[in-house]
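As written, the chains take the letters A, B, C and D, and residue 1 is the first residue of each chain.
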């Protein structure tokens, strides 16, 4: 039996052993995201100092793709500024919508996710953590 | 038989046109009621059912993703077709009637207060009149009519006066009777009148009044551009633009979408459902409760593709030729009373008339004996018919497959009606 | 491969079943979401469009009479199929969701007063929950829940207790909180539970409470007899009984029809239209505003004919065999949690479950890699899922073309899921 | 040019020269009927003495079939009792619904109408006068 194509090793590794999982005790920013199609939920907590993300945790009730996406995101945004993180999120969202298979260099570590974009029903799963991130970025602006 | 290049090209696409009725080839001239379907529209639905059928939005398996793609691509195709900035403004309904009821119940009802007004015209279809009566009654509001030209008597050139609109809107402001909405058809389904929507919207907006456009008759006859028109809402049906039954569209501007309450409750329109209360999905899903008409959307997308391939300018030109010919023929007969604009200016290929002293039913029946399908009745416009001083009329309405020779067949059959009833 | 006589007979009727998904033959097991269409259903619609397409009820020409006949014969076929005394009690809608919203808005809304109640069950689909929340909020009324067995905790046998119903109804009488309606599904779209509708109606009626039956899941699985059940309303969708999308049915008793206000306004539902007010056509037309889904009715009539030809007792027997086999397989695995009745008593072929420590999405995705279509999510029953203490589940649901071997494929693919996620 | 089959001579005769057309000045019973599909209207006025229809007029705004039906009806019901008239109306209605081509003897004079029943859209036109008649009969009962 071969592993179905969608579940690549790296993805599974993140899903099974998610990085930065849980909740920060006294976060500066906090946002939740919800997938109405399946009831999945995710909470993102961040500490920020001078605009830079110092710590970051995600509490996920979701599928392996949602979990892996949150884990990969947390690795990518740590030590970035909120603005940089929001920019990455936007490029990521755009790359999921585009038809091409090209992937921006800045998103290289997200490649195992992005190649799954043909599974359109799973895009919302991939995006859940990023939705929460964009919410945090918005909160920070106002 | 005279066949224009357009009809020669398209007639083969419509299988029903091969039918004989009472021994004669079918001359289908009731396109304002519903249009016939080209093979590509029928095939699109068959293809959906044979290959991709599944429920949308909620499944992760292959068929469900395919069906969802077909459904959402349909939304994008419609958005482009009517000039909407994005597909998020396109709501699928079961038809023009439901689209208008949606606006009446989800948008107007929560806003409308006692003494306020909804403005309609005298030429509106019951589907763009009765929903407003119902909501007005619920809210203690009233309908106010933008009358046909001229304001009194039975005769009319079938047009609406823009100056009059401006006056009526200004008057309501003076009376402190807020007008919440102007709702108007782009093309009359009886008079054939083509209303100047862009100008109407400009005047209404100058008075702060949003505009709903009933485009049921317009979409198959002219290019629509909701962004250029700047209308707030626009409604139409699939079955009147060579698409399937059971599917319609509501376009709404972003600001209006934001103001809209839920319409029907059910699967697909929710975010979180609690035991007593729930929260809603974003537009457009918020307004699409229940399993949507997916096969019908695939058919509608094919219809829109067909219209674009044939070309709306070509279709409009063809309709102009037919209308010109029909108007010329009408001018030959003193006993035929034609309603609506007497020339091709501001007019499309919907022509309603009466043969003196013969009931419209009898006219239509005699025409059917010759294989000609025209409609007799009030065409769901009792207010307009009363305004014209008649109970009913006969209506011929052209589609892209009609021929000049079919119009001539009508006038021959009218002779037959004269022979039977007036001899 | 084990093929029962029934599936051997019917599989060829469904063109989509020839598809390969990811290299495997399609095993379509999401029939509770929507069913596949036999050739006769697809053909009926093609035949309509190719030969008879026209608008109904208003034309005197041949095509219009044919279309009207097809539409009204469809109504009679449906009436007979569900045991309604006459076709005047059959209203066509766009689906179960719209049928239920129709009752909520045209019947309940004008009646419901502050403090009154609508009774629902914990297993209702959002389409039989949210419309009642909306109308209750509008009227200051509230929902009251007939809970699953037992009343507390997360585990349940998926059944409703009739004794409990009697108590709840009696209690509301004592509290002077009038219950205007009990609305209940005939078959749960998650638990597979088959509710004893005739008994439920008897108890509710004894307390003077009308009953709406959500038959969306029931109609394709068992014979329905609204007269024997004595229910006040019954709703279902075409697309879940091997018929087209875009069409649904509402049955209503004569007394209830008489109590109903108009639903949507528009063409076809009126008698006389004045400038400010109008009068209404008789039922069922009163509740069918706008051009109806005529092609879809012809497809629905064909679907009902197909179900009758294959035989509902045969279909029920086949489903019992599949369900028996599936239950046996479930019993083999400790890491599979099955919801709903654990035996075939009071149960149909809708089986929802979870594989321990693997998310339903992931399960469904792995199954899709083997060509198996099952659903993952809350299946539009968030209240029920909360009651069961879960966010989502995987659901297999059988249709008349499913085979025992397809069930076995699921269990093999579940092994694969274990290997991937739990290794 | 041949006369279309639906417009038989007898029918046309009644339509062109309707019998008992107009309104009675002081009727004992009066009823209107309306066809919402085309806006046609009809008013029936009757004088009745000891249950027997003495005089009868119909005012019709309708098509030739509606007109002819009203005319034929008026000839048929004059001097009949209201009950007899209502019975005829019922048999007439049934014969329009039935699939057979047999026509009851009592309806012989209505044959030119009944043969048109395959034109289902015209049944309402044929029935309009009879709807008004049944309304009068009901009024008389209460």
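By definition in this document, contacts are C-beta pairs under 8 Å (C-beta built on N, C-alpha and C of every residue); 3 or more make two chains touch, one makes a residue touch a chain.
All values reported here derive from a predicted model rather than from experimental measurement.
Chain centres here are Cα means. That of chain A falls 46 Å from that of chain B. One finds 77 Å separating the Cα centroids of chain A and chain D.
Chain B and chain D have CA centres that are 37 Å apart. Contact with two or more other chains is made by residues 37, 119, 122 of chain A. Each of the following residues of chain C touches two or more other chains: 58-60, 64, 270, 272, 361, 365, 376-377, 382. Judged by the touch criterion defined above, the protein chains form a pattern that is neither an open path, a ring nor a star, and not fully connected either. Every pair of chains meeting the touch criterion is listed here: A-B, A-C, B-C, B-D, C-D. Chain C contributes residues 359-362, 365-366, 369, 376-378, 382, 385, 391-392, 415-416, 419-421 to its touches with chain A in the complex. Interface of chain B with chain C (complex): residues 15-16, 19, 21-22, 26, 28, 30, 33-34, 36-37, 41-42, 45-46, 49-55, 58-64, 94-98, 100-101, 104, 125-127, 129-134, 136-137, 142-143, 145, 237, 239, 244-247, 262, 264-270, 272-278, 289-296, 361, 364-365, 367-368, 372-377, 379-380, 382-383. Residues of chain D that touch chain B in their complex: 1, 3-7, 12, 15-16, 37-41, 61-66, 119, 122, 125.
In the complex of the two chains, the chain D residues touching chain C come out as 34, 36-37, 119-122.
By the touch criterion stated above, chain C contacts chain D in their complex at residues 57-60, 64-65, 68-69, 270-272, 281.
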